[in-house]
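The two complexes that follow have chain A in common; it is paired with chain B in the first and with chain C in the second.
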Partner chain A sequence: MRRFVLFFCKRLLFIVPQLFAVSVIVFFLIRLLPGDPSYMLAGPYASPDRIAEVRKSLGLDEPILVQYIHYLERIAVGDFGTSWRTSQPVLTDIEQRLPATLELVVGAVVLSVVIGIPVGVAVAAKRGGALERGVFFYGMLAGSLPDFWVGLLLILIFFFFLGWAPAPVGQLGFAVFAPDRITGAYVVDSFLTGDWPAFASALGHLVLPLATLVIVYMPLVLKTARSAMEEMLDSGFVLQARANGLSRRMQLRYALRNALPPVVTVIGIEFWFLLGGAVLVETIFAWGGLGQYAVESVVNSDYAPLQAIVLITAIFTSLVFLAVDILYYLIDPRIGV
Partner chain B sequence: MTMHRILQSDFWRFAHLRPAMMFGLVVIIVDLFLAVLGPAIAPFPVEAPAGASLRPPSALHWFGTDVSGLDIFSRVLAAPRIDLTIALVSTIIAFIAGVALGVVSGFFAEGDRTGRLASGLIMRTADVVQAFPMFVFALALVGLSGPSIKNVIIALAFLNIPFFLRLTRASVLQVRSRTFVEAALCAGNSPIRTAFVHVMPNSLAPALVHFSTTIGFSILLTAGLSFVGAGVPPPTPELGLMIRSGAQNMMTGQWWTALFPGLSLALTVLAFSLFGDNLRVFLDPTNRR
Partner chain C sequence: MSADAPFPLDPRDFGRRAFLRYAAGSAGLASFVASANEALAAPDGSVPPDKSAAGYTLTAAYAASPPAVDEVAFTMEVENMMALTYAGDLMQYRSIPSGTPGIFVADMAAPGNEGVIGRWADNWEGTPDYKTWTFHIRPGIRSWAGNEMTTADMVWTWERAFEMKAVRYFFARAMFLKKPADIEVIDRYTLRFHLSKPSPVILKLMAMSYYGGPFDSTLAKQHATASDPWAKAWLRNHDAGFGPYHIVRNIPGQELELVRNEHYQPLAPIKRILIRIVPDPATRTALLDRGAVDYAMRLPERDLEALSKNPNVQIVRAAANFIPYVGPVETNPIMAKTAIRQAMAYATPYEDIHQKVYYGHGTLIKSITPAIFPNYTPKFWAYKYDPPTAKKLLAEAGYPNGFDLKLSFDNSIEEMSEAAVLIKAAYDGVGIRTTLDPLPAAVYSERKLRRELMCQVDNFQWPWVADTGYTGWVYLGPPATTVNNSVDFNNPEFNHLVTTMMQIPPSPERLKMDLRVQQIAAEQVPWIFLVNPGWREAFRKGWTNFHWYPDNNVHFEWLYKS
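Entry: the complex of A and B
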């Protein structure tokens, strides 16, 4: 236990400079803009007063280090500026949209794990045969499929031709009221409040975008689970278990326990990929999450939200990798910092 | 004579027994051919309407026409010039920068204080760059610097550097402990010269193998950026842009608008990744099964 606390604290210390460095990059990102950032941040229809205000809030006449410290002070209290397109504080916009994206990303990760690990283990346990060949071809193909194209094909097949899926516009049907807000994710909220019409509609709308992400990104988990499991099943301790007459079930259990660390790592990487994939998939399904907000901000030159989204997704990734490292330690305590 | 030599080479004997590698090779060659000649052999102009809007595939328009009446087949033929150029140039830049930084950070990882500092600094910077989800970061970089082919290339090159850096560093760390490196230093080579003239050529293999995979991945990212409107400006014949313009039509049943560009995109990316995977096996005989 003491070793764990020590590891935990060390790893936490690691993340502090990382987050600072992330903030420095995001701070300088806005300086890629040609000319004076205050014109750009205030938006194309800003009055001279507004530009002067933005200019002052950015402190553009001050030394760069002072500007950076002011930037840190502002983001520490959640002030990411104002979006000229929605004329709301960026923080408010993000709070409204983040749950929808998390619903998609977390859902895809959970499904990838629930499908990927058992199938990977099954293929490793019983080599040869149709399943292995199927998994091999699928794994080869999936990494090369453009996620946005797969989404469009699913819409074409399941919405246009078969009529099974609802129209790919948003998270709910037109005539359905949003459930009371608890977490902000419609499927979760409608379930918690027992709002069944909203639950059915939200779930129906979730199927295609979620399927797109799972089809394209699940093989990452599947392939890792499979190769880690194959390696373990070939190793000495499983051979020993077999020689001692342990059942196949027990052999698989021992092997799986030791195959988990690489799988946990790849789940972290899956998050990293999915945050990008979500941007494209949200655009197709008009999902109204953070990803779509990012795209709309880029297309409309709305830079304050863009800066905030980059920062938030990077912080989120850093935290996921932190969680992965801690989980890894719990599974395999031989690892140190 | 040359043909004979190709057919006798190790590479060919390895490749022709592997359908996946042959497939990759053929598609890559076709792609390179189209990158050079695509716009010239396209039956219709690629940036001007060639017929009525939204015609399904026919003998005249093999892949149909899109909403503005552009011939999709011609545009698919012309697209590799844009997509492949962006991917190739950005990957070459990332390769050169990544390998150079990787050699420095690997060779000086256990050197004097300045060396260790430089090495650590390079690695921590790579860590931070990779903390950003790649597509989101690419979107921001291109969005802020303005959507253009040049800016897409710069953004992709920048984001791919850490991958080449890590691969090269790992390989340099192994190579630098070998005796010939010690011999080179004793013979009076400066550390920098030893690192780049003696160690680097022996540490290139992992980065070279990753090259092919990165091209495929960069094509995918380029198309993704254009798809959301933050990449190449329309009406350039680019696969992501074509899928973007076909996206609305897919929902109303004009399936050919996005299907063919997407198919071409998936085939290209698949080819590069299959070729890269098999190349890895070819160059590492201990791995051949």
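Entry: the complex of A and C
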């Protein structure tokens, strides 16, 4: 336990220089990107003086090192700047969007685990059946399909042709007001506040984008669970267990526990990837999430949100992999940390 | 000049001449016939009283949120919101029937100021020298907050404009208003503009300046602070307008809600507008197709073509003022040669673009002056797709083996991408070895305005003021003072003509200048004109009484269900 606490504290401390390095890299790299938002912001009727004023208001007229110092001074007090595209503080934008993304990502990861691991274990436990063949084809297909295409296909079938799914207009239907904010995630907040019309609308709107992510990304968890489980089931200690007359259930239980570490790693990777990688799904379903915000910031040379998003993503990434390490320790304390 | 009838519009105001002129123009532009809007609208485009009481809710899918609701940003969504919340300045263009049932258009073709009537002004007068203009504000105009419009609001608006130095300030320069002190307040409702030079287009400028007010200054000042006396912070995300709508909810990137200004007359039939931000055009198309929304904004022609097959969808079309073009940028020594630009004009596949990008809708552009403007003439535009002539001109210009061309465009505009591909294929055929250069919007804007591109395909030009002099001045005027002149066209005679036209009253001499400007633009080819697709918007069937205005926004305040 003492070893674990030491490890945990060291990892937490290491996050600080990690984030500092990320802030340096992202700040300077972003300024290497082409595009000066002053022109777009000022508009085609602007005079050269007006464009210069806009540049000044964005702080872009200062030397780059001075800009960086001002940037550090501001983020030290929690000021991540203002997005010129929304005219809101970046932190406000992120507060509005991050829960939307987390709702999708957490939901996709949870479903991937809840479905992927049992199916992977089932396939590993009973090889050669119809389930294995089905999983094989599904894994191959899903691995080659882009998520935005799957999303569009689901919209076409379930919204356009069948009319079963609600219109992909974001997290809620028209004329359904957002629930009182607790977490910012509409499904959670509407449930907690007992706002059942909003809950029904939010849940209904979540189905297709969630299904899209699960269909495309669950195979990662499923295949890892399956191959790790197969390896464990073929290993010597499970053979020993079988020879000693342990029940199949006990054998699977022992095998599963030893198969989990790589699965946990893959879950962590999936979570990290989806945090930024769900942008196309967010765009197609008009989800208004963080990924969409990030891409629009890049396209429109909106520096402040870009810097903040990268930092926040780095924080989340560090926390996700810290959680993965903790889970490793809990699953198998022998694993060296 | 006497007042025209205030709201609602008097059918007798629709002069037969104006109607015939526009209808003749529309007949000549046959491909602008709007599709499938057979719903009945009042013949004069007004809003019937029973429809005002209807209180509809309209749902819409927009491509993006407006970055602001103030003149600190300039995107189509900002324009749209400003038009809905501020509506415009003292004047407006008269609406006349387009020739298609249910669709009315601004009377841009009327000569002089005949097509302009009062919006907030019920009376106006200009001195014979066009330098002093007096406007009387109609009493009883109220903002959504209930405050009455007075000269104090107008003065505060113009003072703010001079401080902001943005779009309204541009209009001030265009009308030769040098400083706010040149606006004289006569009484609570009357103000007088003293211009430093004659402005023949001031009424048309006043008909368009909805950018940056006019503000309800009483409301705006409540949100002003010592460090922010012009309430810039508050007005970025809130409106203080006298227009037909008011923003009540704005979650950037997600949704907007507008409710009607209950004081605005005539009362808008649509009481509530619910907007969701749906970035993907395919999704917006699906939403409209399936009936999930009433209106989908900014759909490319390909999607409109698909939607037109749905009997429950109408594609509303009207002739408009768009000028998509290929712009050789004359900071490049090859592009600076007139013969090269002319060669490119002969190498451009106009009909291909017309058919394949716009599916035959719209018309080929043949002048710097849109066809719906006064004094338009196509006679100087000699160019058609003629590769042998193009090659001949290239050889005469010293490039018998062609040259390398980089063709840049905003990659977020699908039609520009498609046009660029066709242009590349055609140019390659005559030896202009073309490389396509798709750029993100912000990068494209910056490089375009800095004149760093070699050649661009662009569609973000639509002159609001129905005047050749204004159009030439705004887009191709002296590059030292005209940021919009992104192609660095610098022809002394052209510069002199457009500058002079902005400050001499209508006259036979001005008409000659008008034609000469069009001739120079055709002969020197600063822009290779492409296809004017016209105004096109996709709505569910049942909505009627569409009013086209030169800002090319949908003006929801007129719409109702038949």
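Methods note: the second predicted complex is superposed on the first by the 293 of 337 C-alpha atoms of A that agree within 3 Å, B and C clash if a C-alpha of one lies under 4 Å from a C-alpha of the other, contacts with A are read in each partner's own complex, and residues count from 1 in each chain.
One rule holds for everything that comes next: a residue touches a chain if its C-beta (ideal position, glycine included) is under 8 Å from a C-beta of that chain, and two chains touch if they have at least 3 such contacts.
Just so we're clear, the structure is a prediction, and the values are computed from it rather than from any experiment.
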Which superposed partner A:R97 touches (first chain B, second chain C, both, neither): second
Partner chain in contact with A:P168 - chain B first, chain C second, else both or neither: both
First (chain B), second (chain C), both or neither touched by A:L156: both
Contacts of A:E132 with chain B and chain C, given as first, second, both or neither: neither
First, second, both or neither for A:V299, with chain B first and chain C second: both
Touched partner set for A:D79, first chain B, second chain C, both or neither: neither
Which superposed partner A:E231 touches (first chain B, second chain C, both, neither): neither
Which of chain B and chain C A:R50 touches, first, second, both or neither: second
Which of chain B and chain C A:I25 touches, first, second, both or neither: first
On chain A, the residue positions that both chain B and chain C contact, one per complex: 34, 152, 155-156, 159-160, 167-168, 283-284, 298-299, 301
Touch list for chain B against partner chain A, complex: 20, 124-125, 127-129, 131-137, 139-146, 216, 220, 223-224, 227-230, 240, 243, 246-247, 250-253, 255, 258-259, 262, 265-266, 269-270, 273-274
Chain C contact footprint on chain A (complex, rising order): 34-51, 53, 83-88, 93, 96-97, 152, 155-156, 159-160, 163, 167-171, 174-175, 283-286, 288, 292-293, 296, 298-302
Footprint of chain A on chain C - complex, ascending: 57, 59, 61, 64-65, 67-68, 71-74, 165-167, 169-170, 236-237, 251-255, 274, 276-280, 282-283, 286-287, 289-290, 292-293, 412, 440-443, 445-450, 460, 474, 483-484
Residues of chain A touching chain B in the complex: 17-18, 21-22, 25, 29-30, 32-34, 140-141, 143-149, 152-153, 155-156, 159-161, 167-168, 272-273, 275-277, 279-280, 283-284, 294-295, 297-299, 301, 303, 306-307, 309-310, 313-314, 317-318, 321
